[in-house]
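Chain IDs A, B, C and D follow the sequence of writing; residue 1 opens each chain.
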Amino acid sequence: MIKLDQHPAGRHFLQIPGPSPSPDRVLRAMSYPTIDHRGPEFAKLGFKVLSDIKKIFKTEQPVIIYPASGTGAWEAALVNTLSAGDHVIMFETGHFATLWKKLADNLGLKSEFLAMPDGQGWRNGVQPGMIEARLREDTEHKIKAVCVVHNETSTGVTSDILAVRKAIDAAKHPALLMVDTISGLACADYRHDEWGVDVSISGSQKGLMLPPGISFNAVSPKAVAASEHARLPKSYWGWKEIIDVNKTGYWPSTPNTNLLYALAECLDMLLEEGMDKVFARHNRLAEACRRAVRAWGLEIQCADTAVYSPVLTGIVMPEGIDADVVRKIIYERFDLSLGTGLGKVKGKMFRIGHLGDCNDLTLMATLAGCEMGMQLAGIKLAGSGLPAAMNYLCEYPGGLLA
Amino acid sequence: MIKLDQHPAGRHFLQIPGPSPSPDRVLRAMSYPTIDHRGPEFAKLGFKVLSDIKKIFKTEQPVIIYPASGTGAWEAALVNTLSAGDHVIMFETGHFATLWKKLADNLGLKSEFLAMPDGQGWRNGVQPGMIEARLREDTEHKIKAVCVVHNETSTGVTSDILAVRKAIDAAKHPALLMVDTISGLACADYRHDEWGVDVSISGSQKGLMLPPGISFNAVSPKAVAASEHARLPKSYWGWKEIIDVNKTGYWPSTPNTNLLYALAECLDMLLEEGMDKVFARHNRLAEACRRAVRAWGLEIQCADTAVYSPVLTGIVMPEGIDADVVRKIIYERFDLSLGTGLGKVKGKMFRIGHLGDCNDLTLMATLAGCEMGMQLAGIKLAGSGLPAAMNYLCEYPGGLLA
Amino acid sequence: MIKLDQHPAGRHFLQIPGPSPSPDRVLRAMSYPTIDHRGPEFAKLGFKVLSDIKKIFKTEQPVIIYPASGTGAWEAALVNTLSAGDHVIMFETGHFATLWKKLADNLGLKSEFLAMPDGQGWRNGVQPGMIEARLREDTEHKIKAVCVVHNETSTGVTSDILAVRKAIDAAKHPALLMVDTISGLACADYRHDEWGVDVSISGSQKGLMLPPGISFNAVSPKAVAASEHARLPKSYWGWKEIIDVNKTGYWPSTPNTNLLYALAECLDMLLEEGMDKVFARHNRLAEACRRAVRAWGLEIQCADTAVYSPVLTGIVMPEGIDADVVRKIIYERFDLSLGTGLGKVKGKMFRIGHLGDCNDLTLMATLAGCEMGMQLAGIKLAGSGLPAAMNYLCEYPGGLLA
Amino acid sequence: MIKLDQHPAGRHFLQIPGPSPSPDRVLRAMSYPTIDHRGPEFAKLGFKVLSDIKKIFKTEQPVIIYPASGTGAWEAALVNTLSAGDHVIMFETGHFATLWKKLADNLGLKSEFLAMPDGQGWRNGVQPGMIEARLREDTEHKIKAVCVVHNETSTGVTSDILAVRKAIDAAKHPALLMVDTISGLACADYRHDEWGVDVSISGSQKGLMLPPGISFNAVSPKAVAASEHARLPKSYWGWKEIIDVNKTGYWPSTPNTNLLYALAECLDMLLEEGMDKVFARHNRLAEACRRAVRAWGLEIQCADTAVYSPVLTGIVMPEGIDADVVRKIIYERFDLSLGTGLGKVKGKMFRIGHLGDCNDLTLMATLAGCEMGMQLAGIKLAGSGLPAAMNYLCEYPGGLLA
């Protein structure tokens, strides 16, 4: 094994907004010997993960599992449903919405970015009203899809997807609704069927607590119908053959067997705990984190309290402080990885992930690392953030009492 | 962990032609906690695997590592270098050549299949003469690429790639040479640069002894130049951004971190052993296997002794015997997975993989399982194949003496 | 990790009569993080293993689990029940009976070895008649214990323990019956209560399929009563405190937590399979092994067909052949570990273990390695042993049909 | 795997004073398949651990490795060197000194407890002056051994062993010096040879960061000489045979192979870091912990600042508070295991372990858990302890700068 960690002792704290820490059960499950992906044992595994993953997306429709990162699943959603030159609208919520838009352009789609003025999009959620207005203008229905990010990982904002659905319906527009819930799924509530999403895109390395390497498309019948006429070239990503072969418990090409072991283990863990408890757990840690940020006298990147993310919290640095210098100090001194500011907010903020296999003390350790690092970087804090977080954690029980 | 194996005791023998058995070192390396793919430790890992994988392909050029299966890497090779309607020729060597052709068609390319008559393509290697002749006809150079399979996993034939290169050169044709060495790499000698290959495609789960989930494109400067003008839509697969970002030790989108741990471990193992020894080891087991087949009085799928595969051996069943019934008996009674006959040879043959983390006794166990299963299936064998294999293994030392 | 294996590729075949190969499930279970051995979670583990291990010994009485090797459990049995100078009789069945006798002498006991003439003890089981006769002579009941080995690991002989019990009863003698079933337990039937054994001694690394490091004393009420008056010094091994504290799910001193994880996993595996099936599985592989030995024209160390061991088979080398030279060839060439000849039979025989996590093909691999190694060592065999073994394995189904 | 952890998510914080948290590298090393403990590969492992462990004890003399817990190594030290009725003096430093004395009595030794008045022994280290005085009285040299605990795990006191050596020398007394450094070794400096220790006893699950299951006796030539005449019965623990067989890289009985893998890995880690850095790391975390305790306005169990333990800190609860109630709250709410008060201080204090694979943030998490739990238990703290600890950690760099 290549020696990666130069820190003298102790476990690394991986508190980026994904990959999230994986439970020991999951890491060990992943290390079982690979089996024949065409043999009888494999079908048991295939049926299990294909069935259980639906419960996470809250759908009765097929969920396609790709051996690919989330970026691949973004591409899959588009190439299955659209044709060259199709017009799609996207909403600028941050870096990942921007990357997805760029990917759409790369594929030859004509994407249009709806954005709040003055960069406010990076501090707020999707604005359904703007989408509705835009769709109403599109009387010829040239817009083929509305693409939004559920939990924007670059800012810590969780948009209201049901409101987007209602906006599309209010405009009586036939556009497909595609939602990136890569970092939202299994952290924040998500309801593919009930919210009328046509394609939900997700990945393994966030709320599902797996290492990266598999990603998902949950599809609606309308999306499947669209895929039959869509003309962007597709083969690896093609839903049809995968859905057909999945009925037998197998995949048309070689699946990521060992990550499927890990997925099976993780699905067991989440479903045993119950999704409502999973969401409550994330919300609780997120609120404790925000209390610390406020006690430090710092600003939270998300400016709208209604759409705070349960997955991560972005912390805005005071003027003159390079967030990446702070992160470097924290990494070197305290063996803690935090998320960098991405795109437009590079250097201006950093991100704390509080998703996946975390608990109260993981969060307290993280906050302590942040506080010490910020002090070493010369930031004047209004006060220690730890008591504020601790008071909240004490007041609202987690742990065995949760 | 979902319980997959219903066999009462002992280790499963995974002797399909990939996924191959993974060494314990590799499985444990893969189970280390995931690290930040944007952090300083990751770059050490990134540089290591990006550098060492070149030694396996024998290239000085970039090797792109995808979080995807081999099928994805097939697609990547095509979408990076070609445009809709481009004419490519492929050579029918078996099921995987056929699948690759189908994938090219799915992407909107105009593929042409060169094939030996009477299904002989499934028992022989690529015929460079046929390629040369076809290219000579193409005086307008409409053919943009020649795509061949190095080791055809469905039949057990390892074609002579240098001869294909020479054929293209003899025809003075500018077509790109693309080679699928998914199952050949790290089992049979392969020389990306020396043989003038433009895109070499490979995967993790064969000679590299990893679980499935990552795949590769090794590229030539000519291929990279072609990618700048190719117009098939591409984003996830796009070489340019990956090559650029790889210079820093990172990837533009989330890499398959835990499989990269495994890759690093495996590269160490292969390079410590030395590639020539790795190839000799595979050849030795393959020859021992063939000796058993001959002693059984059965036919080897590969009809040309010059292109026997070191990776796998296809065994043709006598008339009236369903190869999959034999495989089922062997699986249920002896906990041994063998490769099924694919496509045109379904039911007519089965395949023994002798690649990856195998040794003399793994092969003997496999041959014993085959022999017992064939007897239980009512096949009249000319004799036991085991003594023939054992005599060869004794005569040509492996093990610590190798 | 220190690199131990110099063999170029493939899995080592560990076919010594213990440590036996451990299932992957067990190895991974053992690698979970250690927990607090005084905390609430630990008691769940403690109760589980203390309860389930009784089912393996077939006893309702306490089973003491020591963090120690089997040798420690030998010592524990003696120091708990006896006093300095106490007279015990043991029966010479081979090397381990001899070592146990030596250990008794080291502790200051007066041990007497009953032995068949002409070294026949090393080729036969315990002779109950000899024990009965000796006990009848002891009219003053100076003999405090009869100590016998259930499965003699050095020779491959499984003695009839019930017959020994009957011999003691027939002699109306109050001596304690102590039985070493270190390698017998969970391979051959064993009934602590029904057979009236006072102390049964076992270890982890044989039929229980764990790595070495824990060992056992199953005790009878009579043995416990004896322990209250026994005057050999004892503290670490003392049953009383352990039995008392075990009632709470804990141990008085620090237990071997991670091996207890492995034990819990292994107990699940054995009890799910069912002990009768476990025994049948061992018997079947043992008979297949013996058929090969006979086909080679070689002698089995155990001369009495009624007491063949299901655990291992000793193979006597022809005159002039050093068994350890043969073993060395097999190890170096074929990555297979076999048991050496111990004590009086050093160099004259070697031992094949067919216990633990083995199956038909593991055995066939092992027999192939032996056959090739013997041929390379110049032994003239009567014929290949493999067909004889295969015919038996085919005739009597194992695998999923078992 | 039996499901032990009922906490909903996140990693358990194991901050008891041993077993300490094991590094991932060590846990994975332990899970490699067991090898033949009589084969050639094993000797490489044996030589390595036998050689490297000497560097940890700072001795040129043999170190015996037992497959046993630390309690077994206590017994081994005594039975190898003493005879029934021998007079030994021990020093009451806390619970473990008391347990060792009880063990000596169980073995038939005549132990005498030197103790400070008024229970002060439980808050201070060994008093060399008292030992010297007692030895001077013993003009007939009836006292055969002086037994002291280096780091008393029940109180958090690290005694000055060199001062004990000097006391014995000053008294010109031939008694052996035996030192329990079970929890001290590899946390606090320890010098078997330089300090003239005759038998040093240690275990795996503290500073060596392994799971429990192996323990040690480092011996002096004088101790070895004593063992030749000592008449306490011994066999399993007997040094002589082990030392002899160790010269070949093997053990006379079955060693704990998988824990030896872990030991090899751990020794690599410690020796790569350098023992002085290891000690500095422990001291730094200990001081940060004590600063938190003082800021809480609570008393540290160790009353003598000169002998504060780098391994653990005992925290005295205010009158009327049951420390175990506090611990239960902390365990249930915050998934953190702390050490209970043992023996005379049961319910009056709890212990924080800061040894093994820990770092700054592990400690901060632990302190946060303690602080929250104490508040929930109704303890009035003088203030938050976290800022005090953080200030210290910031002032004195650890991490990559260490």
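The definition used in the following text is that a contact is a pair of C-beta atoms (placed from the backbone, for glycine too) under 8 Å apart; a residue touches a chain by one contact, two chains touch by 3 or more.
The model shown is predicted, which means the values in this text are computed figures rather than measured ones.
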{"item": "Between B-D and A-B, the pair with more C-beta contacts", "value": "A-B"}
{"item": "Maximum centroid distance from chain B, chain identifier (CA atoms)", "value": "D"}
{"item": "Chain B and chain D, separation of their C-alpha mean positions in angstrom", "value": "54"}
{"item": "Separation of chain A from chain D, taking each centre as the mean of its C-alpha atoms, in whole Å", "value": "45"}
{"item": "Chain centre separation (chain A, chain B; CA means) in Å", "value": "34"}
{"item": "For chain B, residues that touch 2 or more chains besides their own", "value": "1, 6, 11, 21, 24-25, 28, 31-33"}
{"item": "Residues of chain C that touch chain B when the two form their complex", "value": "1, 6-11, 13, 21, 23-25, 273, 277-278, 281, 332-336, 356-362, 364-366, 368-369, 371-372, 375-376, 384, 386-387, 390, 393-394, 397-402"}
{"item": "Chain B-touching residues of chain A, taken from the complex the two chains share", "value": "1-2, 4-6, 11-12, 14, 16, 18-19, 21-22, 25, 27-42, 44-45, 48, 66-72, 74-75, 79, 84, 102-103, 106-108, 203, 205, 211-213, 232-236, 238, 253-259, 261, 264-265, 268, 331, 337, 340"}
{"item": "Chain A - residues contacting chain C, complex", "value": "1, 24, 28, 31-33"}
